[in-house]
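Worksheet for the structure shown next.
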């Protein structure tokens, strides 16, 4: 097996695991656990970017990913506080 | 070989002189020395000056002016490290 | 094949399965750190060194955001239960 | 031919183990938990039947780069660049120590001593074997068996007057 | 393949399996620290250039910072529950 195909297959495997885990994973009705399962998908997508030699897209995607998790966590906490009333 | 040793000695002596001018203490005042956060002349200042000089020499080349600046930066970093990394 | 891509691939697959199967959020975050270890190893093994530095600088930021969010979330859940218990006392 | 290399790795591992355990114990890691996370790991080690001072030692290694990290990084840089790499590693380990709220005496002194040892022993044992030796040394403390390792570290700490 | 890389690789493989199987939260951090040592050594042996040393140092310091935050949160979450 070539080295590029090795990275590409690992990326596809992580995508499949992440999709099934996000939809029908264990205890997925808690929104915090469901948000944390999405993080597997981002690693799979960045490995596929790596296999196709998209260096600039990979760097931008990793940097934006930290900001994206901040917005999602803030949204979950606000949603929980609005459910009180 | 002797040329490189002169560069390291220059940065070491310059850093000690600048640290004396900035009034750093000789050893930390608090009594168990191994738990105190206060910087002094003996502990971090020579190591910082030698490390910055090693980075400069590998990046730019053998110049005597860079050794002087390495000593200056080492003493300044040792003096203001509390403001840079935060008080514990 | 060299040693570094082999170890990194095994870390990626084990971390990906572990994030899904564990249910405690702190266990999930430890497994997420294992997943990031595999990703950095695969990036280094194809000689993109600058992206490896950016990636290893962004990893603790993402972890700290998730941990602070978990603490805030669990505090909100506890406060809501206490408020629900106090409500009949107020109505009386 | 491979027997000679394995013997070199084991000898380098023993040198690295003595270096970082003695320096870390002298600068007071088993005495008290430096940050809040080290206290949790120490109490967990005590709950499974180990010694609490050895548990504080393990927790302080996890929570901030101490002499163990200094030994590994200085041997890496001195394998790549020579003697100057050890000094650069000492500078960067000091910055990492201050980011983790630690005074930073143990890390820099450990890095400088292992650089001197590698320079003195370089005709016999090359710097490449010290990297594998350091990984082997950290495996016997953090990865193999936590209970007996913490009891051994507690005895060393008691003999050197640090803790109890 | 070199004998040095094989020794480090075997230790890293053992640690990755023991992280997956251990149930305690605090003991997973100790194994994660040992795995971080192994990966940092493998990076420096694979790249063989001064830039590889800088990558290894940056990765190790940031990994330590991350595990420090996790251990702090375990203590805080124990108080709240």
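As written, the chains take the letters A, B, C, D and E, and residue 1 is the first residue of each chain.
Heads up, the rule we're going with is that a contact is a pair of C-beta atoms (placed from the backbone, for glycine too) under 8 Å apart; a residue touches a chain by one contact, two chains touch by 3 or more.
It should be emphasised that the depicted structure is a prediction, and the values quoted were computed from it without experimental measurement.
A.B. asks: If every step must land on a chain the current one touches, say how few steps get you from chain A to chain E.
C.D. replies: 2
A.B. asks: Touching both chain A and chain B, which chains are there?
C.D. replies: Touching chain A as well as chain B, we find no chain at all.
A.B. asks: Pretend chain C isn't there and tell me which chains still hang together through touching.
C.D. replies: A | B, D, E
A.B. asks: Looking at CA centres, what chain is most distant from chain D?
C.D. replies: That would be chain A.
A.B. asks: Would you mind checking which chain's C-alpha centre is most distant from the centre of chain E?
C.D. replies: Using the mean of the C-alpha atoms as each chain's centre, the farthest one from chain E is B.
A.B. asks: Once you count every C-beta pair in contact for both, which comes out on top, B-D or A-C?
C.D. replies: A-C
A.B. asks: Indicate, using Cα centroids, the chain positioned nearest the centre of all protein chains shown.
C.D. replies: The chain sitting closest to the overall C-alpha centre is E.
A.B. asks: Which whole number of Å gives the spacing of the CA centres of chain A and chain C?
C.D. replies: 11
A.B. asks: Could you state the distance in Å from the CA-based centre of chain C to that of chain E?
C.D. replies: 15
A.B. asks: Could you work out how far the Cα centre of chain C sits from that of chain D, in whole Å?
C.D. replies: The mean C-alpha positions of chain C and chain D differ by 27 Å.
A.B. asks: Quick check: what residues of chain B touch more than one other chain, meaning two or more?
C.D. replies: If we look for residues of chain B contacting two or more partner chains, we find 58.
A.B. asks: By residue number and range, which residues of chain E touch two or more other chains?
C.D. replies: 8, 29, 38, 50, 52, 65, 67, 70, 74
A.B. asks: For chain A, jot down the residues that touch at least 2 other chains.
C.D. replies: Residues: none.
A.B. asks: Write out all the pairs of touching chains, ordered by chain label.
C.D. replies: A-C, B-D, C-E, D-E
A.B. asks: Hey, which residues of chain D end up touching chain B in the complex?
C.D. replies: So the residues of chain D in touch with chain B come to 27-28, 81, 84, 87-88, 90-92, 94, 98-99, 101, 103-105, 108, 112.
A.B. asks: Per the contact definition, I'd like the list of chain A residues that touch chain C in the complex.
C.D. replies: Those in contact with chain C are residues 3, 6-7, 10, 13-14, 17-18, 21, 25-27, 32-33, 36-37, 39-40, 43-44, 46-47, 50, 55, 58-59, 62-63, 65-66, 69-70, 73-74, 76-77, 80-81, 84.
A.B. asks: Could you please specify the touching residues of chain E with respect to chain C in the complex?
C.D. replies: Residues 1, 5-6, 8-9, 12-13, 16-17, 19-20, 25, 28-29, 32, 35-36, 38-39, 42-43, 46-47, 51-52, 54-55, 58-59, 62-63, 65-67, 69-70, 73-74, 76-77, 80-81.
A.B. asks: Taking the complex as given, what residues does chain B use to touch chain D?
C.D. replies: Chain B residues touching chain D: 32, 34-37, 43-44, 47-48, 50-52, 54-55, 57-58, 81, 85, 88.
A.B. asks: Per the contact definition, I'd like the list of chain C residues that touch chain A in the complex.
C.D. replies: Per the stated touch rule, the residues are 1, 5, 9, 12-13, 16-17, 19-21, 23, 25, 28-29, 32, 35-36, 39, 42-43, 46, 48, 50-51, 54-55, 58, 61-62, 65-66, 68-70, 72-73, 76-77, 80, 83.
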